Each structure stands twice: as structure tokens, then as C-alpha cells.
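Following are the structures in question.
Shared between the two complexes below is subunit A, which has subunit B as its partner in the first and subunit C in the second.
Coming up: the complex of A and B.
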């Protein structure tokens, strides 16, 4: 989980401009300024990064970073 | 109340992001030194025209933060930085203003073309499922005004004016109407463009509009020179903070200059060629002068559209000569900055404001041998210090859209 969390952290900070100091497992995606369109964009980036598809109805801005990491892990990406 | 004082608006803030520099001070310094900015452009390598005027060292992530930069196109980046500078220059603080009374009017010609081209490649190479959902909010021409409103909490009237290369000038003229009618107390008015992309450069080249002086890009943009052969594609943004003079006085703001007149017209002649008789251009200038209540012989300085294309400069010069004789000191800053399309009018309005404020006309870069057909007093080689009470700034767009501002001393 920690390894995957780190990879998600790198994506969110470098690609989506989330400040490192705001990042945390229990922070909601909305708090990180990631709206629904941003999460669709994240899905495209994640498909290349992790080789998994994230459906638009599988994640919402109300979810936390931890929820997002678990979703990716549940699709078979090694945590 | 006279017609002219009824229509005045005060320019209390300026912001510039141009190939001549990031910020008003850096841009103005380069423009006064008539230092050309055209150079080989790696993004255009291998194309028939492979040089441009780019904003040097513009790092959107550093200037705006990655959080804003990733979801906005470069044409918005430039305007956000210029807008922020203009608001600070005006001594205004968005945290304390009544945002509902603040309008935003930005001119732009082409929208987020870089985003559009990139996503077209994604569609072609990777398929529809990989196309970004951000394409429309990034490329839409209206988006720059929306993002600027978000950045400065401006919830008043918000729009983008599109009149090709006159867009920035149209924006300032439109903003003036919002102040005159009382719909706004403050308007951020400007223009922006960032279309130094292979597709846009290729089509302008194919039109024959661009200079082909690829062996010597620095000498390529040469308005009013006998050897001019086209314009140099540029990017850039300019934003002005406009207020009613009484409001500016009440809050003790520094007034750099006033916008006292605006005129606009259409050639209704040809899609891309100017009417060689210049009838539409002349009507726009006449309308602006009448709006300001000034006579042609009162115009001290003309900041010309002066694109460096053979046809534009000849037509503009014919009209200026007919209306003003050889009286006003004429310049075109495009010799330095190139032609930033929808950004140009606002950048040049800002330069005209600076000329009026400081009493100095920047020289036209690369004016080595003035075209004998251009019978005007074009300032060359060195800045000319002179008192300027009244100046005009011209912008003419494809489509025959003409827009002219009158700028008067504070």
C-alpha cells in the first residue's frame, strides 16, 4: 500500500500540482482541488501509469486519497 | 459635462507578458531599446517558417503554480500573469474589493490552439478514450476571461472579444462602455494569444502573411521598412485596469493615462486583405477622435498596427498621411515584439499609455530604410522624448475589423 500510495503521490504532485504538504491518505480529492473532470483526467494518466481503467463512477471528489489507492490496488496493481 | 469627460476612463494599472519580457518594466525596457525578439523556434523546426517571438523564460508552473497551470492553456497562462501584475500595479486587492462591480473583458483570436493540436494527436494516435476531458475548458476562447475572474474574484460582466488582430483593442473599447454605463466600477481589459504551434504557423505561412527572413530572424519584423516581407508570429498578453476617473481620484490611485476615445468599423471588402483605400480604417480613426472630442491636428503620436506586411503598412500609412499629414510621431512596437494577434492591441495600448505617461515614443526596430511610399514621421533607432497630450493606437484584423483607441495624458 505504501509503495502504491507513493506512486499516486508522485502523480498527483507532479502532474496535477497538488502541494506535497497538503497530500495525505485521509485527505479528500476535493480538498486537493480535484473535481470530477480532473478525476477523469487522472483516469487517463493512471491508465498509462498503472495499466488499469478507472470508470467515471468508481471515484468521486468526496473520496479520499486512500480510497483512490485502494481502488487501484483492487484492480490488481501491487500495493 | 462635455462629451469627452463623460467618456473618459482612467488607466490605473498595467500588466505585460510579451516576447520583450515578463512584466511591464522588462517589456518596456526592451521595446525602448528597439531590440528585436524574433528567433529560431524549436517548436516550429522543419516548417517553412521556423522562427517566432516567444515570451522568454515563461515558466507557468513557477509563476502560477502547477495546480492552475496543468488545467489551463498557455494563452490563459499569459493573461493570468499579466492580469495579476495589472491589479497589483493599480494598488488594488481582490480580497477587499466588491467583485460584483469588477468586470473582465479579454481579447483573443484563436483560443487554446496548442491544447487543441495536442489532443487531436491523442485522438489520432491513441483513440477517443484517451482524449482529455479538459480540452474544452482549456481551449475554449471564452475560458481566459473565466479563469481570470476566478483568479481575482471578479464576478461582474465577463466576456472575450474576438475581432482577430484587433481583439485586444476591442476589449478595451468594450470595457470602457461597461464603465460608462455604470455596469462596472473596475474592468480588467486586455488581450492574449499563444498560438506558436505548427498548425497555426503553417497556415499563416501558406497565406503568405509571414516574413520568410529565416536566415536572419532578428531582422524579420521591420514595419514601414522598404525591405519588409511579412509579420513574425508572436505570443503575449497585456491587461489594463480601467476605472472612472472620479473613482480613481477618490481612492487616491495613480492614473497613468486616460482612454478618451474608441472607434470601430468594418472594411466589408475582403476576408484577409485590407481595403487599399483604407476607408474603413479612416472611419474607425475618425470615430475614435470624435468620441474623444479631439481634432486630427491634436494627435501627437500614433502607435500603429504596423505589422510589417507590405500591404498593411502601405494602407495604414496612406490613411495616416491623408488624415494627419506628417505630423504625429509614428511607431510600431511589432518590430520588437512581432505580432501577437489577439494580444497585440492590448500590448500596444499599454505601450501607448506608457508613451503618454513618460513622454517618450519607442523607436521602430529594424527601420533601416524607410519605404519611400510611407510618407510619415516614423521614429527609428532611438526613443524620442516629447510631450504627448493625445495619442492613438490602431489595430486592424482579418475580416476587415478595425479598432482604434485614443489615449490622453492624465
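Coming up: the complex of A and C.
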């Protein structure tokens, strides 16, 4: 697991109630019970954690954890 | 220096309770979905024929009684749902309270309305226009909702809350601190009733029926609410010279329980300092903060001497915050 994926895993499991055993790169955010408002909340937390802005329309519950990690990486955060 | 001091507090809710179960069938969703998304379990809704003035007069009367006063020198009513497009509802409320003749006005800042009205009331005291000002937040938002739009109908409820402000000294129990108020008209379309005003009427083209209802873009509003209230709350704290750790109770606009949780996290406030009554009343717009104050005072969550931080956010966009030393209940 790369660094960024690990950091996202820590955020989702400690701050968003995602069970560790359900976490995986290919799991959709909806399957982790993250709804669209959760992703806005994640964006606010990510801004502090990674120093990047995530727009409301850049990620949806249908995307996977890997999509989310790629989005953050594309904004210049080292994977 | 004269400052405004809270001398009375009153609230009123229409008796009809509407639960998530009552709404879920109409909205094509479940009671659990509504509660998970909003933190709301039920809300109060006006009976047919009941208006914002009816709610405002009840809350205003209770606030005056709590202050031991039979009148005020001015009235400021925060509302987005006035009884009529014209005239303002404040004068009617003043007359119904036996206060015909005093200056009375509406303040429109949607869900930030009560904080804007508090600042207006404090200003009227500051310029010497009145020694006592009745500040009311009242809304009947259920009258402007599309009954089939779950993003709004699941959230809003009706209600009214009021405080009496009197002239006093900075730092005494009940004293309001400095205000932070702001707006961003570039994002007006995020929270809007598109039709019924001059913009649409001047076109001469009838509006689509949906445009007469209150519309809100949930995701960007959620983010703006957290970002703007966080910034405004910090500004009000700075102006008051308070550190975040000194805040005993945070009374934020009860828009959504998840917004309150995100705000607490951004501000670094523990959950037990956050006043919440949204589960039983929903988002009551301009009535939200005084209803939360009344609920917290009644349950003992607010105690004399508590350092209280108030913050609200609403359409406009608008936002505003202030601080308050909670007074001894025997004095209000």
C-alpha cells in the first residue's frame, strides 16, 4: 500500500467510521457508506491534511478509493 | 460605552409535529435516510392559515414577559417568510404586542437573519434610538417548500424565538460582544426562490411552478456553511479577545447536524460544547439560534457566566457571529 493510500485509509477509518476490514483500493465509496455529504466533509478534512482543494463535483460515491487517491495525487500530493 | 445586553428570551413552536415517517412516503425515501443525512427526527409545522407574524408575536410576548417588561422601544424581525411581500411583518407584530408607534422593521438575511437582527438591535441601542429592543427570528419555511423536494422538505421546520436587548455595560452578564458579519452575493444562486421578485416579474414571462419554491444546492451550501461559519466564528472570538478553549457553549445555526459536527472539528471544539436541538425542530431558519438558546437554557446546558459563541450562515450568501456572556436566569 503506498503512502497516500495509507493516509487516506487512516482518515476514513478514524474520522469517517469506515471499518478497516471493508477498506480496499477497489471498493467504491458508496460501499463504505460514504454519501455525497461525507465526501464534502472529507474534502474539508483533506484540505487540512493534504493542503489540496477537492471540488464538490470531482468525486462521487460511485468512485473507488483508488479514484480518490488518484485525484489527490493528481493535485500534487506525493503518492 | 453603551452595549446591548440580553434581558429576556422567549420561543414558540407550532404544535403540529411532523416526523420523518410522515415525510418519507411522500418523498420516496426512508425515515432513516433523513435522519442519517440531517440529524433531524421531527419538526414543527404551521396549521393552515397560521403565519410568520402569529409565531413572531407569541415568541415576542414570551421574551418581554421573561424580561419583566411590557414593551420595547423598537422591534427588529428577522424573517425570509414575511406574511406579505409588502409591507414588512415587523410593524404588524409590534401592533399585536401593543407597541403601535415604535420603529419596527424586517431584516432579511435568510438563516443568518437572527444574528444580523441582533447586530441591528444593538446598533439601535448604540445610537440612542431605544433603550430596549425586541429582536425576533421567525420563519414558516414549510410554506415555501416544494412538497416533493427531499433536499429541502426533509430539513426545514417552522418556529420563532426572540430576545429583549437593553442598554448596558460591556462585560456584564448578558452582554453581547463584537460582531462579525459578512456576505457574498456572487453565490446568491446557491440558496434562492427564483420567482416572485422583480427579477422574474419584470420579464413579463410567467415563471415555471418550481421556481416559486425555495431551492438550495446541497453540496456547495454544506461546504460554504462550514467554511464561512468557521471563519466568522474565529473573527468574532478574535474581536472579543477570547481563545477557542474558553468557549463554554457554541450555538451555531441548526442547519444540519453534520454541518455542526464539521464546524466543531474545524474550530477544535469538543462535542459536549456544541448546542444541538435540530433533532426535534429541524432547520428553522431565522428562528434557529434563539430556539437553540431557549432549548439549552431550559435543559441546563447553558449556565450563568458561560461564554457563548453564536454563529450563523444563510442565503445571500450571508454569515455572522458574535459572543455573549450567558446571564443569570433570574435576571432574564
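Just so we're on the same page, the second predicted complex is superposed on the first by the 78 of 79 C-alpha atoms of A that agree within 3 Å, B and C clash if a C-alpha of one lies under 4 Å from a C-alpha of the other, contacts with A are read in each partner's own complex, and residues count from 1 in each chain.
Here, a contact is a pair of C-beta atoms (placed from the backbone, for glycine too) under 8 Å apart; a residue touches a chain by one contact, two chains touch by 3 or more.
None of the values given here were measured: they were computed from a predicted structure.
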Requested in this report: Using the superposition on chain A described above, determine whether A:6 touches subunit B (first), subunit C (second), both, or neither.
Outcome: neither
Requested in this report: Check whether A:18 is in contact with subunit B, with subunit C, with both or with neither, and answer first, second, both or neither.
Outcome: first
Report task. Once the structures are superposed on A, label A:41 by its partner contacts, choosing first (subunit B), second (subunit C), both or neither. Result -> both
Query raised in the report: More residues of subunit A are touched by which partner: subunit B or subunit C?
Result: B
Query raised in the report: If you lay the two complexes on top of each other, which residues of subunit A touch subunit B in one and subunit C in the other?
Result: 37, 40-41, 44
Query raised in the report: Can you list the residues on subunit B that touch subunit A in the complex?
Result: 61, 65-71, 130, 132-134, 137
Report summary line: Per the touch rule, the subunit A residues reaching subunit B in their complex are 13-19, 33, 37-38, 40-41, 44, 47
Query raised in the report: Once bound in the complex, which stretches of subunit C touch subunit A?
Result: 36-37, 218-220, 222-223, 226-227, 258, 262, 265-266
Query raised in the report: So in the complex, which bits of subunit A are touching subunit C?
Result: 35-37, 40-41, 43-45, 56-57
